[in-house]
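There are two complexes below, and they share chain A, which is joined by chain B in the first and by chain C in the second.
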Partner chain A sequence: MSKNNINIHVHHVTRIEGHGDIVVDAKEGKIEKVQWQVPEAPRFFEAMVKGRHFSEVATITSRICGICSIGHTLASLKATEAAMDIKISETTRVLRELLMHGESLQSHILHVCYLVVPDLLRVNSVLPLIQSHTDVVLLVTKLHRLANELCDAVGGRTTHPIRARVGRFSMLPDKKQLAEFKTRLVESVDDLKKLADVVKSLAGNIPDFTRETEYLSLTYDKEYAIYDGQCITNDIKKPIPVSEYKGVVNEFVVPQSTAKYGKFNRASFMVGALARYNNNYKQLSPLATTVANMLGLNGVNYNPFMNNIAQVVESVFAVERAIAHIDWLLNHDLELETPEIKPKEGKGAGAVEVPRGVLFHEYEYDSKGLCRKANCVIPTNLNHNNIQLDFEKMVPEFMHLGEKELQFHLEMLVRAYDPCVSCSTHYLDVKLKK
Partner chain B sequence: MKRNKTAVIGLGNRLLSDEGAGLYAVELLRSKLEQEPLDPLAPDLVEAGTPGMNLLHQLDERDKIIFIDAGNCGIAAGQYRRFLPQDAVSLKQTKNYSLHEFDLIRFLEIAKQMGKTTNMEIAVYCIQAADMSLSETLSPVVQQNLPNLVQDVYNEIRSGN
Partner chain C sequence: MSSKPKVAFFDFACCEGCQLQIANLEENVVGLAALVDVVEFREVLTGTAPEYDIAFIEGSITRKSDEERLKDIRNRSKLLVSYGQCAVSGGVNRLKNNWNNLDDVKKEVYGANYQMPHLDTYPTRAIDEVVKVDLYIPGCPINRDEFLTIVKELLLGKVPKLPNYPVCVQCKLNENECLFDFGITCLGPLARAGCGAICPSNGVACEACRGAVDNPNKNAMHEILQKYNFTVEEIKRKINIFGVNPEVKK
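Let's look at the complex of A and B:
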């Protein structure tokens, strides 16, 4: 086939969560169609929580995702607490942040090592690496296990935590257990450095592609934002409160996708590790900054493939912050809290930075604490539009490589975003013509 | 947290009828063991669900693992077999690695390549599913035979085999 004729129909992209398709058609060098399509069915979580008691909502919406279920739980709890004006203690906040860092480590390690590294080595999956890079795979499983068990110890389960409740934790990890985790986390820093060396050795295989876009994340004056913060992009100077998130994400629907798209000041924006890094890199810890520089992240970067490098950097940051949070917990008296929570009519939004980007939950409750209305805006949703526009720039730049190579690079780009497509398929607000 | 050297791991999904048999079996075994005096050497009982590659983490620091899973092992519905991983061949068709592509036999082959199961004793109890439709209850034949499977697992633990 001539390199001027391209006919790519990938049904479905592998090594991502959920289903997404790539369609590229070109004839005689003229590009006729370039699409990133999301064909998954909507999942109606917002409808499921209507009429549910506020104490049940996070348990249900946590099931939106099996990877960032902790982030969904915490965004949900924050939204409920905002709606009912519920304050949390410092201990609860620290435990929640510890959970977030456990989840970041777990998800980033899984994505970069199991799903992205095969692209950098041009193999179909992680399976061939078990024989060719056994030590690295064992290192990865060790880090992954540590992250999972940390989430388990704090949240009561590896995924879908049961101890994080509205206004409190229902059970606390004991200090002996926390001290053991601190030891393992400190030891894991060396493992992460080894992993960073491996990624550095492969960094030359990261495609040379840039497209400057708007980068949306939370930002927080006290630290690199993961749990707390307000909305920020590189196109605005003043952060926007989470309660005004709808004016930031501006969701809309397109015919090619069951997932909603988003945009703000430009045609699209990007969320995720690279967006967080671009907006907040000056607040990273020294070791995370060193690893970033070692891997070629030296400030704002417009290559979407570098999202995976930012994930490695955030893995280091997650371990450092987790150690700091455990230190805090070890140095304070931990007592189970049983705050009296009275339902209150109201509406509130909550946001956290999950591995794939900023996640928003918003609920409206009646005076009995029953949910009247819910809205969940998932980061993978927010990236679909940016992936589409990346495709539109990438196809003309890479089509000279031929159909096979172009397809490989497009699939690799999708995976670089770490999409979690099942989560992102969203209730469609449409009007039927008939 | 220190692990016990032996583990019984149930696999499956409770929302798909018999597909959840491994989880129900672990639940039955737990009830049985709880009726006995506390035994520090009792196996860890793990309802692993559908863990994908996370199951690798359960292999560390173990001497023996008994897996319980529902499946198609070519026998009558509700019957079950105990076998060793090397005595079975996976017929599951997979294309590329994905978090959703997983089966126990192939997983154990991978774990072996990684050196994760060296010197470990592994047994698999597979019960033949009759119904894999959306339901939170087991089919009558699986429900009827599952206690027998659990008794065999219990005997195996207690005999130290």
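Let's look at the complex of A and C:
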């Protein structure tokens, strides 16, 4: 067998959410096929919610994704509220933002520490690290527990939150509880610093690869956009309102994927922590910026593997913002609201920045409040096309390392994007063929 | 090492929120990992194994290729546990079965491209509609403490039993005011407990995400509906969200 022949077939890439395949064929040094495939079983959420009452829609669409169920719930509520012209109180808004930051922290810690760090240490999972790096694993579980307990306390349940409803919260956390979380969050800053040191010690293992692309995220004049904002990319000057999202994401169906793909001003775009960082890094807090610089992020960065570093940076930001939101709640009277919500005919879109990137939900309701039409645009879908183009640049650059190393790096790239393929449909499988 | 039970986790059509509940056991995962040998878990580790003492299955079956994958797993597993409501009843995935024509479902999502072969789907099936299931852990998502208890019981050689009383029992223990008194239709009287009545305790109606008790007291449910002026249709529409059919013992 010629050394220049490559045949990699990875069926169901591991340590990612959902299923995906990679196929690469190279014969005598000539690349014949490079493909990122998404064969996840489609679930048809837009059809599931058709005819359902507006009060049930978020319950159903939350189930698109277990990891970002808070983001899905909130994007869904925002879309329904936009469709029916429902206004929310400042307390509801602050509680929702607190939930978003809790989810970011939980998801980023899970992804970076449980799924990516094993690559940097060249082990097959986090499980052997329980023995070899016990202190670090316990530090990670402590942060993960804090994020989940915060979401449990605010949302009623961290996965598929219960209390966040159309126009209101069905129950509020008490102030004593919030004050305790504040203490724990303040203490966790030191834990995050320790974690950043661990990541720094491994950062040398992050592959050296760059490909400039279009970076799509929300942007918000008041702060680093997570809950609110308009669409922005590095290729446009003026932000585009969320209601015009279709002209930004331009979804299309491809034969190698049950998830739809998207593009805007270039052949592909990237969403997620690195896209947010690249577009909005000037709005980060001083501490988050210090951690970014310490880990090699110094402004706009074109290495997709640095998405994981941006996730660490956003974890710090999430803790800082969560503390600020708790302070706001502690300084205000919290009263359970019971607004009367009357169904109204209309159409509306809502967007939030979930851990994996910008997420859009859009619904159309009839006058009884029954859903006539739904559309959900999932960040992982938006990244599939960019992963494909990264592969096409990476394969010739990394082929000299041999089949095994090439496969390792391709899988690692997929993980760097933190794909959530269930969201987009549900499946990842890698084939690298000669 | 080899004397520890070989455990594997698999997922089909679902949101993977139930396997997340295992990660959410936090420090307890560390303890659990010492008692079993996790040989296959695609989302967490790289590796496969030829056979398993316990296979945990999440998600529902919606196409032929997944059906075959599941049968193969069954053949190589001593004990097969169906966990999470998608696996137990089909969960929200079953909502698409309410449509008369699945082509319309595909058109709704994929538009003009709906006939592309890789988008094929058949009516959603629970795991036990495809293979024999030895044990069920219901819920959307599963309750992580219940999961931990059941795994402990399995490791001790006990046969775990699910609560067979309605959510109302746990709701009363939590001293909640009944949501029916606030004009809210709640599925608590039919739904299987074990969640600690988490939804009513957070001010929201029970949606029977753990399915119904084995023999729901329909007469009592009718009395409640009559007393509060609700219809059976409302109950049927609501119980449909998580693919639960109260006529079926699941």
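General remarks:
Everything below uses one rule, namely that the second predicted complex is superposed on the first by the 422 of 434 C-alpha atoms of A that agree within 3 Å, B and C clash if a C-alpha of one lies under 4 Å from a C-alpha of the other, contacts with A are read in each partner's own complex, and residues count from 1 in each chain.
Going forward, contacts are C-beta pairs under 8 Å (C-beta built on N, C-alpha and C of every residue); 3 or more make two chains touch, one makes a residue touch a chain.
Keep in mind the model is a prediction, meaning the values are calculated, not measured.
Once chain A is used to superpose the two complexes, chain B occupies space that clashes with chain C.
Contacts of A:258 after superposition: chain C is touched, whereas chain B is not reached.
Look at A:180: by the touch rule set out above, it reaches chain B but stays clear of chain C. In the superposition on chain A, contact is made by A:124 with both chain B and chain C. Looking at the shared chain after the overlay, A:165 reaches chain C, while chain B stays out of its contact range. Legend: residue contacts after superposition of the two complexes on their common chain; A:141 is shown touching both chain B and chain C. Judged by the touch definition given at the top, the superposed model places A:271 against neither chain B nor chain C.
With both complexes placed on chain A, chain A has more residues touched by C than by the other of chain B and chain C. In the overlay built on the shared chain, the residue A:42 is in contact with chain C alone; chain B does not reach it. By the document's definition of touching, both partners, chain B and chain C, reach A:114.
When both structures are laid over each other on chain A, chain B collides with chain C only at 150-158; the other stretches in 96-104, 114-122 or 150-158 stay clear. Residues 14-15, 17, 114, 118, 124-127, 130, 137-138, 141, 144-145, 148, 158 of chain A touch chain B in one complex and chain C in the other. Chain A contributes residues 12, 14-19, 39, 41-48, 50, 56, 59-60, 63-67, 69, 110, 114-115, 118, 124-127, 130, 137-138, 141-142, 144-145, 148, 156-160, 162-163, 165, 170-171, 253, 255-258, 260, 422-423, 426 to its touches with chain C in the complex. Residue ranges of chain B in contact with chain A, taken from their complex: 1, 53-54, 56-57, 60, 95-99, 110, 113-115.
Note for the complex: chain A touches chain B at residues 14-15, 17, 114, 118, 124-127, 130-131, 134, 137-138, 141, 144-145, 148-149, 153, 158, 177, 180. Looking at the complex, you find that chain C touches chain A at residues 11-21, 23-24, 26-27, 29-30, 33, 38, 41-47, 59, 62-63, 66, 91-93, 95-96, 99, 104-106, 108-111, 113, 116, 118-119, 121, 140-141, 198-199, 202-204, 207, 238, 241.
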